[in-house]
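Look at the two complexes coming up: chain A is in both, with chain B in one and chain C in the other.
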Partner chain A sequence: MKIVKINALWCSGCLYMKKVWKDVLKEYPNLDITEYDYDLDEDIVKTYNPGEILPVAIFYKDNIEYKRLVGEKTSDEIINVIKECL
Partner chain B sequence: MKKLYWIIIALFMIIPIGVKAKDIDVYVFHDYKCLHCKAELEYLNEVKENYNLNLHLYEIGNTNDKSYDANVELFKKVIEKLNINKNYQAPFTIIGDRYYIGFDDSTKKSMDTLLKDFESDIKVIEKVVKDEDTSDINMKYGEYSAIKFFGHELNINKMPIPLIATVIGFIDGFNPCAMWVLIFLITMLMNMKNKKRMYALGITFLVTSAFVYLIIMFAWLSIIGSLSSIVWFRILIALVALIGGLVNLRSFYRSLKKDDGCEVVNEKKRKSIISRIKKIVTEKSFILALIGVIFLAFSVNVIELACSAGLPMTFTQILALNNLSNLEYMINILIYIFFFLIDDILVFTIAMVTLNVSGISTKYTKYSHLIGGVLMVLIAILMIFKPEWLMFNI
Partner chain C sequence: MIYLDYSATTPVNKEVLESFDRVCLDYPGNPNSLHKLGTNNAKLINDATEQIKKLLNVDMEVIYTSGASESNNTVIKGVASKYKNRGMHIITSPFEHSSINAPLNYLASQGYEVDFVELNSDGTVNLDNLKSLIRDDTILVSIASVNSELGILQPIEEIAKIVKEYPKCFFHSDMTQSIGKVNVPIKDIDFVSFTAHKFFGLKGIGVLLKKESIVIDSLIHGGKSTSIYRSGTPAAPLIVSIAKALRLALENQEDKINHIKKLNDYLKENIKDIDGVYINSTDKSIPHILNISIPGIKPETMLHAMESKDIYISTQSACSTGDISKAVMALTHDEARASSSIRVSISYVTTKEEIDQFIKCFKEAIKELRLK
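Right, the complex of A and B next:
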């Protein structure tokens, strides 16, 4: 299952979410996650139209964008979306 | 029987029968229009006999009557010479080397305690009148209940001020504007794999941030110190605090409608700071990197001060209202700065120890807007309608 994550090196909320994603990965270790940095990967990030709040996680179902989670979320919220996509 | 005899003899030796207590000179500068002054004069007249008080009263409020001009001149001279009560407040009371500004129930209790155990032969006013040197006199506020701190006496009545410094400083610290720069800097430093350089540059950033705040707050204090007694100026500061408070509350209200996370703002400024940090991190000369960090911390903190929406200014105004000693000003400002930087210190320390940068949830920023907003609105209202409630030593 494909997930695109957009973070930034300066974003405190993105760093906070690292711990949350660690918990998610314990349950789903085989997720196909691609991470981009808001400033360092500017051109690619623009194509995802991430908006004004970071971090952004884009979930794909059958290679089509299914859902976006914007900002800080709990591991349960993320797992629920993963379950919907699978 | 012999025992009883010795007890009676001992009691006669202990009880000072017929010994008249020493007279105490009490100097009060009062204003006939002021209700606190009236209350103090009533109290002093009540206890005059009990403590053998010699009351020296100086009316300073009746400026229309030229016969009081000498009192006003003496009032100014005392303030100038002793370097206390710089806001020219009344009632202003001097007993030995102790002084009081204002009067209420707590002052009454404090005066009672002081007068009960009064021991001082210092004649301050006489020295001022005779133009004698007063530099050796160390005037202290209130009763003998001050605590010692590095040899200096700190007034317990003023203890709410450090508490306010802690709360406002802590809330100001969650200002996200400067935090993101530190996080980016630490993240970039982590890639250097040079622990000594990481420590040096990170600590320099934090120390310079503290220094910038110290300079700005002291500069602001010296400006408003002389102006805070002017009513319109105090109201102006209160209005700024009110606007700052409302801005904070609006931010909180807006954040309720948004997802919790980092807001992407001001692309141009962000990119310029990011490229400066990259230059610092890749700079081969350690000295140049250090200078770069100092300049970065300076510019970020000066610019981002506006982001604090008046919190440091409001706190400095509270300090100015309280007529503290220079040491007390310094201690309170340092407490403010320490709590302002505590989240940064925490993030930096964890990163250095674990070699892993961890972020603080932006939820705390949201609630800091709420608490900061409510606090600032409250302080603004008090500054306008009840400034004496913010004067903890009165």
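Right, the complex of A and C next:
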């Protein structure tokens, strides 16, 4: 399943979520994740309309946006959305 | 014009600028040259370095950088690179500046693991949680002495004592918001970052203090200058100016703090009862910084409303983007407050008349913006 993540280097929440996603990937190693940097990939990021809180994780079901998780979340919250998408 | 953004930067002290000018004009040599124009310049730098060490009561290596962001990058990447065989675990706090978060994010993408220490309800670091996070492979703890948005002063001496029990782990503190403002003893700290423009010095000069015995990898390679950790022709005018700025900042420091505290108390007393206004700074915050939320009014809107009245305040730390304050969110867990916070920062040159004018205009701005 497809997930788009938007992070920024300066963002502490993005740093916090790196460890959480590491745990998620242990359970779901085959996720199709594309990551964009809020500043470096500015033009692409704009097309996702990420809002003001980072990080943003956009989950797709059957290639259609299904849900967004914004800010700091637990691995359980992420896994619940993944289960809904699969 | 009323400037209340002293935590972002300060205007340069005239005496500091005169020192800078004098060295620029009268000391043209390269401090690394062996002739007398060079050695005269090198002596100036050496004297400035000794003065900084004496003023801060430290016996550490003084590494001159372009500012605190470079100092922070130098220590974080330098320790991580040098000690990766020892461990790849780093601990920090949710209150750090972007120049801490960004290199840590970079390191996390290289396989390093970063943990965040929990905060108490007053915003200070939870020391028991810190103890529980330190592991055998922890190589660095990096916690700022004062958070730039909320002004919360951390128990740096206690943190240093805890980290000292782990000889393989270093302690770094970004003291950009405390040095020259409040006295935080630099004891048992391995690395300290700060910059001159926060205490009426010039922009473009910072310091990384490093315990002499510690070896790290350099960020910039290019040969020995004043330090092997920072190559490049030493900026003697800036180095002399930071020593001068520090000396002036520390003069009558207690009187300056008392003046600022009185203004802060007066300001708080006059805005605390305004309907829908919340004070986010806690009793652990230094008096130089007052963080306020006005839910329903965007910080940028309030900033410009005050700007139209010729009063200059700040939204979140100037190096971030967006309207949400991560620091206020981490402290209050309240999105409405985190997305409406402004920072008023006071210095010893601020007057009661300026605070009175701020209070008047702040109340007017809230009324005007709520009517819209």
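Keep this in mind: the second predicted complex is superposed on the first by the 86 of 86 C-alpha atoms of A that agree within 3 Å, B and C clash if a C-alpha of one lies under 4 Å from a C-alpha of the other, contacts with A are read in each partner's own complex, and residues count from 1 in each chain.
What we mean here is this: a contact is a pair of C-beta atoms (placed from the backbone, for glycine too) under 8 Å apart; a residue touches a chain by one contact, two chains touch by 3 or more.
A quick note: this is a predicted structure, and the numbers were derived from the prediction, not measured.
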| item | value |
| --- | --- |
| Of chain B and chain C, the chain that contacts the larger number of chain A residues | B |
| Which superposed partner A:E52 touches (first chain B, second chain C, both, neither) | both |
| Contacts of A:S12 with chain B and chain C, given as first, second, both or neither | both |
| Set intersection of chain A contacts, chain C complex versus chain B complex | 8-16, 18-19, 38, 52-54 |
| Residue numbers on chain A that touch chain B, as the complex places them | 8-19, 38-39, 52-55, 70-72 |
| Chain A-touching residues of chain B, taken from the complex the two chains share | 176, 179-181, 183-184, 187-188, 258-265, 270-271, 274, 357-363 |
| Chain A partner contacts - residues on chain C that touch it in the complex | 94, 96, 98, 101-102, 104-106, 108-109, 113-116, 319-324, 326, 339 |
| Chain A - residues contacting chain C, complex | 7-16, 18-19, 38, 52-54 |
